[in-house]
Every structure is written in structure tokens, then in C-alpha cells.
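Two complexes come next, and they have one chain in common, subunit A, joined by subunit B in the first and subunit C in the second.
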Partner chain A sequence: MLEVSSLNKVYRSGAREVEALRDLTFTVDSGELVCLVGPSGCGKTTLLRCIAGLLEPSAGKVRLDGREVSGPPPGLAMVFQEYGRSLFPWMSVRDNVELPLKQRKIARHRRTTLVQDALDAVGLTGTESAYPWQLSGGMQQRVAIARAIAYEPSTLLMDEPFAAVDAQTRADLEDLVRALWQRLEVTVLFITHDIDEAVYLGQRVVMLSSSPTVVQDEITVDLPPARDQLHTRADPRFTELRTHVYEQIQAAKRGAGASS
Partner chain B sequence: MRNRTGLLGLAGLAGLLVLVEALPRLGLVNDAYLPPTSRIAAALGDELITAEFWRAIGDTLTGWAIGLVIAVAAGVVVGIVVGSVPVLRAATASTIEFLRPIPSVALIPLAVLLYGTDLGSTLLLVVYAAFWQVLVQVLYGVADVDPIADETARSFRFGAWARVRHVLWPTALPYVFTGVRLAASVALVLAVTAELVIGAPGLGKSIAVAQTSGAVPLMYALIAVTGLLGVGINLAARIFERRSLAWHQSVRGEVPA
Partner chain C sequence: MKRVAYVLGLPVVLFAAWYLLSAGSESFYAPPLSKILESFGKTWTLDRLTADVVPSLLRLGAGYLLAAVIGVALGITIGLNRWVRATLEPVLEFFRAVPPPVLVPVIMLFAGIGDGMKVIVIVFGCVWPVLLNTVEGVRAVDSVQIDTARAYGISGPARIGRVILPAASPQIAAGLRQALSIAIILMVISEMFAASNGLGFTIVQFQRSFAIPEMWSGIILLGLLGFGLSLLFRLAEGRALRWYHGLRAAQRRS
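== the complex of A and B ==
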């Protein structure tokens, strides 16, 4: 379970102060898949780095599985948007997935199993000895996902993971994320700027305002759990939900325009 | 294409040899100062079978290698420490910029004072010259660490040492190789200089001895040998670099994605 309460982040450089996050409160229950959407430049990345313990918030708290986050918490794995920079080009696919497990001092035998299972799960069987840069963008992001799930996290943070891949690959990867989430019963917080993606993937969608960020709105996605690209996206309920999210995001942008 | 460049390079070299042969023979230069290629080659041939020659090469390479190893080790360690601590980087930047341009040869009097004509003198000059080459490259390398790669490592709870070992070091490695290659050439220059000027044993000293005893062809032959050593060192460094950096984009070439 992930709890974010009254989170605030102000960047200071000299006399200049920029309030990126004003007051954010939301929770993600264990085993839930929640999508965060917001207008571009709404401090999504700042929020994510605070949750991942990579950045210290100015005020407020992040609690993961009951423990306050101060530094990268155990049981959390992160998938970055920039897969090409997040994977280590000097290591094969296998070594990339295995390295975090080595750091956790997991026995060799168990590591081999975890790496193989993770690569099988993302559909990359047979690419173990390739280097990441020999693979397509979509496959590289699969490697990053395999690395995250091999780590056996309780919570998976995904920072606009599919923003840089083409539309067809993206649809495949969305289905992959839902399938993995259902199979592994992991908590997923998925950040995106794509409204359709948020509604298609999430059980809930949390909408953020423009910076300085607060929670604009929150909806439960009452679509059936078995989703597919063709039927779910054609469902009238899907259209209603995405319209609602779209309107809220537009309102968030206007709100920012009015206040500034 | 590669072969053609190679052939052209060899043709150029052959041209130089012919020119050196022709100039004194045609009387355009005094052959007491520039003997023709054939006589230099003959002197070299005679020298190759002497034990002193190989001892001199051994001495030069010993000074070069020990000095280079010390400089590289120190440059890498200092570079990583200074480069990864922003306060240290800021505090040392101006000092480094001040010390780096001091020519190593300006330290010859100091070296003589400290070590006389021992190996120590050569080492001091070699290490001083080579150290900065390595240090500056390592600093560039450390600054080149991708923040996303570093955040990835931190998010997976890598410790400080693991981040140096698995993120910083591989990132800096191409820079380290460049530094080592530059340092290797400079170290050879300084090793020969030290021998020549201070009289520490080695090829430089042999050149000085050949000159004072009027063995001009031999002097040229020894000079050519130092040149060949330099070429060999550079070549070896490049081959080693290409093998170790097969993953790097400067080596791996374009891959269809």
C-alpha cells in the first residue's frame, strides 16, 4: 500500500523558489493499478521521484507498506521513460536484469530462475546475451520491465514508460503491463500524459492539476477487468470515462491559466 | 577504403625514406649531419645485435611503464574521488588548471635535486606529465554519467561502491582509455627527455652518447627507434581500447533498431 499525504515540493535556487507540488494526497491500495494523469509540466516526475525516495519532499509524507520513505525503499522497482538511458549499454540483457538481484545478494541459483522467468514473462526469451542497444525500443522497454519484475517488488512505479515507443508497440506493452499486474498481484502506479492509456489501464485514475500540483479529481474505472484493445476502447463507458478525464485535465489547464 | 589509406600511408613513409637517401647523395645537405637512409639502416642493423641497445630499450620502457602505471592509477583514483564530490571538484578546479600547464621539463632541476640521475628522476617527470592527461579525462568521464542511469541504480538500492563499479566506471572507461593513450605517448616523450637531459640510463642517454661521439648514423637510428616505440605503444593502446569497448557507440557502429 502506497500512501502519499500532503506532499509538497519547492525547488530553491538562490532567491528563486518554484513550487512544483503544492499539496498532494492519495493512496494506492495493495494490488491496485492506479494511473496518474496530468497536463504536461504538472510535476509528475517530481512526484514520482519523491515516491521513489530519489528526491526529498519539502513537506508531507510518503509511506510504502506502512514505512515512511526516506531514500529508495526496498520492495519498490521503477521503470523509467528513457529506457535507452536506464538500461546499461555495457551489459547484456541478462546482466542488466540480474545486476539488481546481485546487489540484493540473492543466491546464484535463484537469480538464474528469476531472470529467466522475468524475461519469459515479457516475451524476451532468447535475447539474454544480446545488448540492449541491439534491440528495438519496445524490446528495450520490455527488458526494463523484466528487470523491475525480477526484483520481485511489492510496488511498481512506471514513469511514462511508453511515451517514446510507437503506437502499435505501445498497445502491446499496455496489455503486457495489465497481464503482469494480474499475474503477479503487484501494486502499480502508472504515470502517463495519455488519457486513453490511463483509462484503459487503470482501476482508478487520479488526475493532477497544473503546477503547483494538487489532486484535481479521481475516478474509479468501472470497466470489466478483462480488457482488450479492440472492445474496451469501443465500449461507450470507456468513451464516457475518457471524456470525463479529458474535461478535468482541460479544467486543470484553465485553472492554471486563470491563477497566473 | 581502409586498405587504401593503409597503402597510401606506407607509400608516404617509403617516400620519406627515399628522400632521406637522396638528399645527402645529391649533395643537397651535408652527409655529416644527415647520412642517407642506407647508412642509418646499417647502423641500426649493427646496433640491434648489441646487448647495450636492448638494455637501453629495456631501461626506457621500464621508466615509461612504471611511470605510466603510477600516473594512471593516481589519475583514476583522484579523478573519481574529485569528480564525484562536487565540493572537491569546485575547490580543485583552479588548482588543476594552474598545475596542469606547467611543462614537465621545468621540473628537471627539481628531479635532479631529489633523485640525481636515478630512475626516480625519470619517474618524477613521466608521472607529472602523464598524470594530468589521465586526471582530466577521468573528470570528463565522471561528469558524463547519465543521471537516469544513476537514478536507476539508486532506485534499485545500489550502494555507493556498487554505483562506482557498475555505473560510473563503465561510463568513464572510454575517457580513461583516451587518457591512457595520451598519457602513454607523453610518458615516452618524457622518459626519453629525462634520459637525454639528466643522463638516466636508456635510449635518450644512448642518443646523447652517439651524438657526442660523432656516431651520426647511429644517432638517427636511435631516434627512429624512439619513434617506432611511440607508434607501437599507440597501436597497442588502440587495439586494447577497441576490444574492451565493443559495447560503446564509438566502436559498435550503427545497429538497425
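== the complex of A and C ==
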């Protein structure tokens, strides 16, 4: 379970102060898949780095599984947007997935199983000894996902993971995320700027305002749990939900325009 | 085949030109190449190679390796720590600007004229390109790679050994390549100042005793040695940085 309460972040450089996050409160229950959407420049990256323990908030708290986050929490795995920069190009696919496990001092045979299972789960069997840069963008992001699930996290944090891949690959990867989430019963917080993607993937969608960020609105996606690209996206309810989210994001942008 | 032709083409032409142009030379100081080559075979016998070339190479190897270890270790410390960097950078720039050969007499004063002096001279000259390139390489490590390491709990020695060092390795290799040519120069210079054996010493001996063809043969041997070492370096680098060259090629294609 992930709890974000009254989170605030102000960047200071000299006399200048920029308030990136004003007051953010939301929770993601254990085993839930929640999508965060917001207009561009809404402080998503700041929020994410605070949750991952990579950045200290100015005020407020992040709690993961009941424990306050003060550094990178062990139960959290992250998939970055820039897969090309997040995978280590000097290591093979296998070593990339295995490195965090080595650091955890997991026994060798157990590591081998975890790495193999994770690569099988993302459909990358047979690429173990390739370097990441020998693979296509979509496959590289699969490696990053494999690294995250091999880490056996309670919570998976995904930062616009499919922003840089083409539309068809993206649809495949979306289905992969839903399948993995259902199978592994992890908590997933998925950050995106794509409204359709948020509604298609999430059980809930949390909408953020423009910076300084607050929670603009929140909806429960009452679509059936078995989703597929063809029928879910054609569902009238899908259209209603995405219209609602779209309107809220537009309102958030106007709100920012009015206040500035 | 074509590559070999490109690599060997110009050297062969130059050598042939030297050979032909110097063929009838009467000059005492620029004897015909045929004479130089003849003395090459006579001069650089196995005895002489073990007596003079091996000590030179040992000093070179010791100084170079020491400089590499010191340069990389210090470079990582400085590169990772903003305060240390701000404090040391001006001083480092100053030391780097001092031409290492002028330090030979100074170093001789306290280190004597033995092997220690020569190794110190080589270390002192070689450490700067390694150090400064390592600092640059460490500073330029991608922030996403650092974030990834932190998020996955890769900390301490593992972060340095498995993430920062490999990420900086292309830049470190550039520093090591520069250092290699400096090391060869300093090896010869330190032996020319004060030594009882070594390549630099032998060449100076030949020159002072007017053994001109032998002197030229020593210079040719030195050139060949430098060429061989840089070839070795490139082979080692190509192996160690295979991922980097592959990555670059992949980026160019996309």
C-alpha cells in the first residue's frame, strides 16, 4: 500500500523559489493499479522521485507498506521513461536484470531462476546474452520491466514507460503490464500523459493539476477487468470515462492559465 | 586485405623513399638507410635487448600502471565529490601545466638517479591526463543511470564498480591513451638525464661516441616500440570497450 499525504516540494535556488508540488494526497491500495495523469509540466517527475525516495519532499509524507520513505525503499521497483539511459549498456540483458538481485545477496541458483522467469514473463526468452542496445526500443523497455519484476517488489512505479515507443509496441506493452499485474498481484502506480492509456490500464485514474500540483480529480474505472485493445477501447463507457478525464485535464490547464 | 594495404601503404612508401634518397649519402650524420639497417641487426642483439630494452619497458610499465591506478582512484574521488573538486581543480590545472621533463632534475634531487626516479617521473607526467579524464567521465555519468542504481539499492562499492566506473570508462580510456605516449617520452628523457642502462641511455651513448648508424637504429627501435605499444593498447581497448563501440554504432544507425 502506498500513501502520499500532503506532499509538498519547493525547489530553491538562491532567492528564487519554485513550488512544484503544492499539496498532494492520494493512496494506492495493495494490489491496485492506479494511473496518474496530468497536463505536461505538472510535476509528475518530482512526485515520482519523491515516492521512489530519490528526492526529499519539502513537507508531507510518503509511506510504503506502512513505512515512511526516506531513501529508496527495498520493496519498490521502478521503470523509467528513458529505457535507453536506464539500462546499463555495458551489461548483457541477463546482467542488467541480475545486478539488483546480486546486491540483495540472493543465492546464485535463486537469482538464475528469478532472472529467467522475469525474462520469460516479458517474452524475452533467448535474449539473455545480448546487449540492450542490440534490441529494439520496445524490447529494451521489456528488459527494464523484467528487471523490475525480478526484483520481486510489492510496488511497481512506472514513469511514462511507453512514451518513447511506437503505437503498436505500446499497445502490446500495455497488455503486458496488465497481465503481469494480474498475475503477480503487485501494486502498480503508472504515470502517463496519455489519457486513453490511463483509462485503459487503470482501476482508478488520479488526475493532477498543473504545477504547483494538487489532485484535480479522481475516478474509478468501472470497466470489466478483462480488457483488450479492440473491445475495451470501443466500449461506450470507455469513451465516457476518457471524456471525463480529458475535460478535467483541460480544466486543470485553464486553471493554471487563470491563476498565472 | 584492403585495410592492411591502407595501414602499411604510407609507411612502406616513406621507408622506400628514405632508402632510395639516402642510398648514396656521404654525410656522416645521415648515413644511408642500408647502413642503419645493417647496424640495427648487429646492435640490437638478444643480450642488448635484455640489458637495455627490458629495463626501459619495466620502468615504463611500472610508472604507467601506477599512474593509471592513482589517476583513476583519485579521479573517482574528485569526480564524485563536488567540494573536493571545487577545492582541487585550480591546483590540478597548475600541476598539469608544468611540463614533466623540467621536474626530472628536481625529482633527481630527492629520489636519486635509480629506477625509482624514472618511475616517479613517468607517474608524474602520466597521471594528469588519466586523472582529469576520469574526473570528467565520472561527472558526466547519466543521471538516469545514477537514479536507476539508487532506486535498485545498488550502493557503495557496487555502484562505483558496476555503474560509475564502466560508465566513465570510454573517457578514462581516452586519458590512458594520451598517458601512454607521454609515458614513452618520459621514459626516454629520464634515461637520457641519468642512467646506466635503458633505451634512452643507449641512444645518447651512441650519439656521444659518434656511432651514428647505431644511434639511428635506436631511434627506429624506439619508434617501433611506441607503435607496438599503441597497437596493443588499441587491441585491449577494443576488447574492454566493445559495448561502447557497439552502442555508438547502434546509435548512428537509428
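As a working rule, the second predicted complex is superposed on the first by the 260 of 260 C-alpha atoms of A that agree within 3 Å, B and C clash if a C-alpha of one lies under 4 Å from a C-alpha of the other, contacts with A are read in each partner's own complex, and residues count from 1 in each chain.
Note that in this section a contact is a pair of C-beta atoms (placed from the backbone, for glycine too) under 8 Å apart; a residue touches a chain by one contact, two chains touch by 3 or more.
Note that the structure is predicted; figures quoted are calculated from it, not measured.
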| item | value |
| --- | --- |
| Fit or clash - subunit C, subunit B, common subunit A | clash |
| Which of subunit B and subunit C A:28 touches, first, second, both or neither | neither |
| Which of subunit B and subunit C A:119 touches, first, second, both or neither | neither |
| Contacts of A:90 with subunit B and subunit C, given as first, second, both or neither | both |
| Touched partner set for A:78, first subunit B, second subunit C, both or neither | both |
| Where subunit A meets both subunit C and subunit B, residue numbers | 49, 52-54, 72, 74, 76-78, 80, 82, 85-86, 88-91, 99-100, 103-104, 131, 133-134, 151 |
| Subunit C - residues contacting subunit A, complex | 142, 144-145, 147-148, 150-155, 158, 162-163, 166-167, 169, 243-244, 246-247, 250-251 |
| Footprint of subunit C on subunit A - complex, ascending | 49, 52-54, 72, 74, 76-78, 80, 82, 85-86, 88-91, 99-100, 102-104, 131, 133-134, 147, 151 |
| Subunit A to subunit B touching residues, read off their complex | 49, 52-54, 72, 74, 76-78, 80, 82, 85-86, 88-91, 99-100, 103-104, 131, 133-137, 151 |
| Interfacial residue positions of subunit B with respect to subunit A in the complex | 146, 148-149, 151-152, 154-159, 162, 166-167, 170, 173, 247-249, 252, 255, 257 |
